[in-house]
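Structures incoming, each one as C-alpha cells.
Each of the next two complexes has subunit A plus one other chain: subunit B in the first, subunit C in the second.
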Partner chain A sequence: MRTLLALAWVVIKELYRRKDFYVLFVLTALITLVLGSVNFFEDTLMVRYLREVTLLLIWVSALVIAVVTAARQIPAERESRTIFPLLAKPVTRGQVVLGKFLGVWLASGLALALFYGFYLVVGAWKAASGSLALGLQAFWLHWMMLAVVVALAILGSLLFSAPSVNSTICFVVVTGILLLAGHLNTLAAAQPGPGGALMYGLYFALPHLELFDVRDLMIHEHPPVPLGPLVIATLYAAVYAALLLVAAWWVFRRKPLST
Partner chain B sequence: MEPILRTDRLRVEYPPSRRGDPPKVAVKDLSLEVRQGEVFGFLGPNGAGKTTTMSVLLGFLAPTAGEAYLFGVNVRNPIARQRIGYLPELTYYYRFLTAEEILRFYARLFGLNGVEAERRIDRLLKLVELEHARNRQLKHYSKGMQQRVGLAQALINDPDLLILDEPTSGLDPLGRMKVREIIQRLKQEGKTVFFSSHELGEVETVCDRVAIVHQGELKVVGRVDELVRTHQANLEQVFLKIIGYPTCLAA
Partner chain C sequence: MTGRTTALGCAALLTAAVGLAAWLEPRSEAWRGRRAQADSFLLTLLGDGRRLFANHFFVKADVYLHSGFYPSIFDQARSACEHGLGQEQEPDPRAEGGQQAHDHRVHEGHENHAAEAHEHHDDHNFPGPPRDWIDRLSRHFRVTEHTHLAGAQTEAEILPWLRLAAEFDPHQVEFYTVAAYWLRSRLGKVDQAEAFLRRGLRVNPNSEEILFELGRLAWENRKDAARARNLWSAAEHAWHARFGAVDETNRVSLRRILAHRAQLEEETGNVDEAIRYWTRVRELSPHPEAIEQRLATLRQRLPAAH
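What follows is the complex of A and B.
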C-alpha cells in the first residue's frame, strides 16, 4: 500500500504543478459558481435548466480531467523514460498500474469534490441546490463511475500508442455508453439474428455508466437514493474497475521496455 | 559463496522487423558471475548487448532463454531489486519534483520513511553536493546536477549492488572525477558495482574485473591487471583487439 500511495502522490503532485490542469479547474469552478448561483429568474423551469447545465458542465469537466490525466500517465512515464528508474526499484508493473489509477482517481475525486462543493454551497445559498444528501450521493456515484472511466483510460493507454487517440476513443466509448447502453436491450429485441445477439452481448458486457447518473433526480428535487442501490452501484463500479485494471496489468506485464 | 549477480546462458532475441526475417539476437547465451565487493566493468561497442543485458537484470525485458539472478533471486521477482541501486545512462527523473522530493519518493518505494529516510536524503544530497539546490525542481537543474541526483537516488536504499549504465556519459571532467571517487568509496565500503562504460581509461582505473561482449557474445572475462599483462597492452588496446580491430592495436 505504501508503494501505491507513493506512486499516487507523484501523480497528484504533477497535476498540482501543471498549469493546464489549473486552467481547466479554475474555469470550470468559475462557470459552476456563476451558473449555480443564478436563481435570478424566479422561474422554476429556468432554475431547473440552469441546474441541468451546471451538472452537465460538472460531468463533462470531470470526464475530461479523468480521461486526459489517466491516458497520459503510463505513456508519459515511457516517453520521458522515468519508468526505468521506477521499475528498477522493488516495484511491480501491477503496482505501477494500481498506483497510477489511485493517483488519477483521487485527483478526479478532489476535482469532483470541489465542483459539487461549489454546486451545493452556492445552490444552498441561493436556495437552488436541492437535497444535500442527494448531492453527496451524486458526488459518490459520480466518483465511482470515474473509477471505471480511469481504469478504462489506463487500459487504453497500454493498447494505443498515442494518448490523444486513447483519450478520443475513451470519450467516444464513455459517451456512447452513457447515451446508448441503457437502450441496447430494446434495440436488441427489435433486431433479430446475429445483430440482436451482438447487442444483447454488449448490453450485458458493457459497464452501465448511466446508472451512476442521478442528475435528473437532483434537477427535479427527488428524495435521496436508498442505501441498498447505492451500495450495489459501488460494488458494480468496483468490479468493473478491477476487471479493467487486471486487463491493464496483463497487457503491461507482457510489454518489453527497451532502454 | 553465492555470486551477487549471475546470468546463466542468457539469451535475448528481438522480433524481426519484417516477416520472414530471423529474429535479432541481442544477447547470445551469456553466462556471467559477479562476486561480492567487486567493481565489475561490462564493456563492449555500441550494440554489443550491454544495455539489453542490464534491461534483463533490472526486469525491463524478459529473456528469451536462460535466467538471471541477483543475490540468488531470479530477476523476474521484484524482490531481487530490493538491494540494488540503478543509475541509467541519461537522467530520467520527474522534472516537476525537487531533488528532495524525488529522493523521498524513491525512499518510500524501498519502504523507508520518517527519520531514516530524511537522514539518508540529507547525507546523499551532501555527498553529491546538491544541498543548496535541494528544493529546486529538476527542470531547473543542469545535466551534471541531474546526473548527481541520479547517483543519489541510486544510493537511497544503501544498496549492496550498484548497476550503473555509463555513469560518466556526458559529464565534464570534474563530474567524472566525482563519480569515480564515489565508486572507489563504495568499493571501500564493500559494495559491489556493475557498470558499463566506453571510458576505458576510467574502467582500468576503478575495475577489478571486466567482461567484454561483442555482437551479443561474451568474448572475454577476467581481471584487468591479468588482461593487461597477458596482452602486453593497455585496456583500450586489449578491447580493440578482442572486438577485432588489429590495425588500431598495431597503430
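What follows is the complex of A and C.
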C-alpha cells in the first residue's frame, strides 16, 4: 500500500506542477463569470442556464485533465527511462499500473473538488437554491466515472504508440459512450437481425458512463438520487475500472520496455 | 524551443489573428445573401448554420419549460415510428376570441414547434417501461418527472435561450412572439416584451405575427384599444400582402387576427364592427355554428346600440 501511495503522490505532485489544470480552471471561471454577468431582460433571477454552462465546462475540463494525465504516465516513464530504476526497486508491474491509476484518480478528484467548489461559489453569487446532497452525489458520481475513464486511458497508453493518439481515441470513445450508449437498446430494438444483436451486445458490454451524469437533475432542481441506485452505480464503476486495470496489467506484463 | 521563441511565436500568431479579423470585418459587410444581414462577423461566418443553433436553443427553452423532462432524438424517432408524423391537430374551437383560449394556443404553439414528435406531451411516459436492468437503473439518474416551470418567476429561466435563439436567427419571428408571451403574461414584464417585439419588427417589418402580438400587448396589457386596432389592421394588411388568398395553411393566422379584432370591437361597444368581424371569422372557422350563436346575440344587441 505504501508503494502505491508513493507512486500516486508523484502523480499528484505532477498535476499541480503542470499548467493544464490552472488553464482549464481559469477558462471555466472566466466564461462562467462573463455569462453570469449578461443581462437578459433585466432579470437577475435566472440561474439555470449558468448552471448548465458551468457544469458542461466542468465536465469537459475534468475529462481533459483525467485523460491527458493518465495517457502520459507510463509512456513518459518509458521515454525518460525512469521506468527501469522504478522496476529495479521492489515494485511489480501491477503496482505501477495501480499506483499510476490511483495517483491520476486522486489528482482528478482534487481538481474536480475545486471545480465543484467553484460551482458552489457561483450558486451563492447568484443566490440560487439547490440541494447540497445532490451536489455531493454529483461530485461522487462524476469522480467514479473518472475512475473508469482513467483506467481506460491507462490501458490505452499501453496499447497505442503515442499519448496523443491514446488521448484522442479516449475522448472519442468516452464522448460516444456518453452520447449514445444509453440509446443503443432503442436502436437495437428497431434493428432486426445480426445488426440488432450486435448493438445489444455493445449495449451490455460498454460501460454506461451516462449513468454518472446527473447534471439535468442539478440544473432543474430535482431531488437527490436514492441511496440504493447510488451504491449500485458506484459498484458498477468499480467493476469496470477493475476490469480495465486488470487488462492494463496483463498487457503491461507482456510488454517489452525497450523503446 | 526556448521560452523566448514560444513568446515570439504566440505574439506573431496574435498579431496575425487581429490583422486577419480587421481585414475580414469590413469585407464581410459586402458579402451577398443572408450572410450579409448578420450583425457580427461571427454570425456571418456561421452562415445558415446559425439557424441550426437557433433551433437548438429554442428546443432548449422548451426543455427548461418542462424541467428537463424531454424526449431525446431517439425517443422522438421511436415516437414518430409508432404514432406517425405530420398529423395536423384540429384547431381548438375555443380559439375564436377569449383570453383563456389564446393563452392555451400560444403555449401550445410554442411546444409544438419545438418538438413536433413530442405529441404535445400527451404521452407523458415517452420513455416507456424499462427494457432492461441498465435502463431501469439509469432512470434514477435522469429526469423522469414531468413538471412545468410555474410560479416564483421561474418561467424566466427559458428566456436566455429564446434571446440567444433570436440572436442567432433574427428572422424566425416565433422566437420573439413566444418570448413576448412569457414576458408579458407570466412575468409581468410588459415593457420588456414590447421592446423585444419591436426589435423583432425592425428585423421583420412585415411580420403579421409580431404585429398581432404587439396588438395583443396593447389591448390586453395596456388597455389601449386605438393602438391595438391599428396594430391588428396592420397585421391584417401584412397577412394579405404575404399570403393573398386564404388556404388551409394560413387560415388559422388570419382567423386569429380577425377574432381578436372582433372581440375588441365587441368589448368596446362597436357592435356593427364586431358583427362585421365575427362574420368574417365565421367564414374561416371550422365551427361556424358557435360563431353564429355569438352573431345572433350581437344582432339582438344591435337596436339598443343604435
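Here is the rule we use: the second predicted complex is superposed on the first by the 234 of 259 C-alpha atoms of A that agree within 3 Å, B and C clash if a C-alpha of one lies under 4 Å from a C-alpha of the other, contacts with A are read in each partner's own complex, and residues count from 1 in each chain.
Definition applied: contacts are C-beta pairs under 8 Å (C-beta built on N, C-alpha and C of every residue); 3 or more make two chains touch, one makes a residue touch a chain.
Since the structure is predicted, the reported quantities are computational estimates derived from the model, not experimental observations.
After overlaying the two complexes on the shared chain, residue contacts for A:L158 are found with neither subunit B nor subunit C. Applying the stated contact rule after C-alpha superposition, one finds that A:L134 touches neither subunit B nor subunit C. Touch criterion not met for A:I58: it reaches neither subunit B nor subunit C. Within the superposed three-chain model, A:A6 lies in touch with subunit B and out of touch with subunit C [touch as defined at top]. When both complexes are overlaid on chain A, the residue A:T92 reaches subunit B alone and has no touch with subunit C.
Look at A:P226: by the touch rule set out above, it reaches subunit C but stays clear of subunit B. When both complexes are overlaid on chain A, the residue A:V174 reaches neither subunit B nor subunit C. Once chain A of one complex is fitted onto chain A of the other, the partner contacts of A:V149 are absent, as it touches neither subunit B nor subunit C.
Partner contacting the larger number of subunit A residues, of subunit B and subunit C: C.
For subunit B in complex with subunit A, the touching residues are 51, 54-55, 58-62, 78-79, 81-82, 84, 86, 88-90, 92-97, 101, 105-106, 108-111, 113, 137, 150, 153, 163, 165.
Across the complex, subunit C is touched by residues 38, 40-43, 45-49, 141, 182-183, 185-187, 189-190, 203-204, 208, 210-214, 216-217, 219-222, 225-226, 229, 232-233, 236 of subunit A. If you check the complex, the residues on subunit C that touch subunit A are 64, 67-68, 72, 74-75, 78, 81, 131-132, 134-135, 137-138, 140-143, 145, 153, 156-157, 159-161, 163, 183, 187, 189, 192, 196.
Chain contact summary for the complex, subunit A toward subunit B: residues 2-3, 5-6, 9-10, 13-14, 17-18, 80-92, 256-259.
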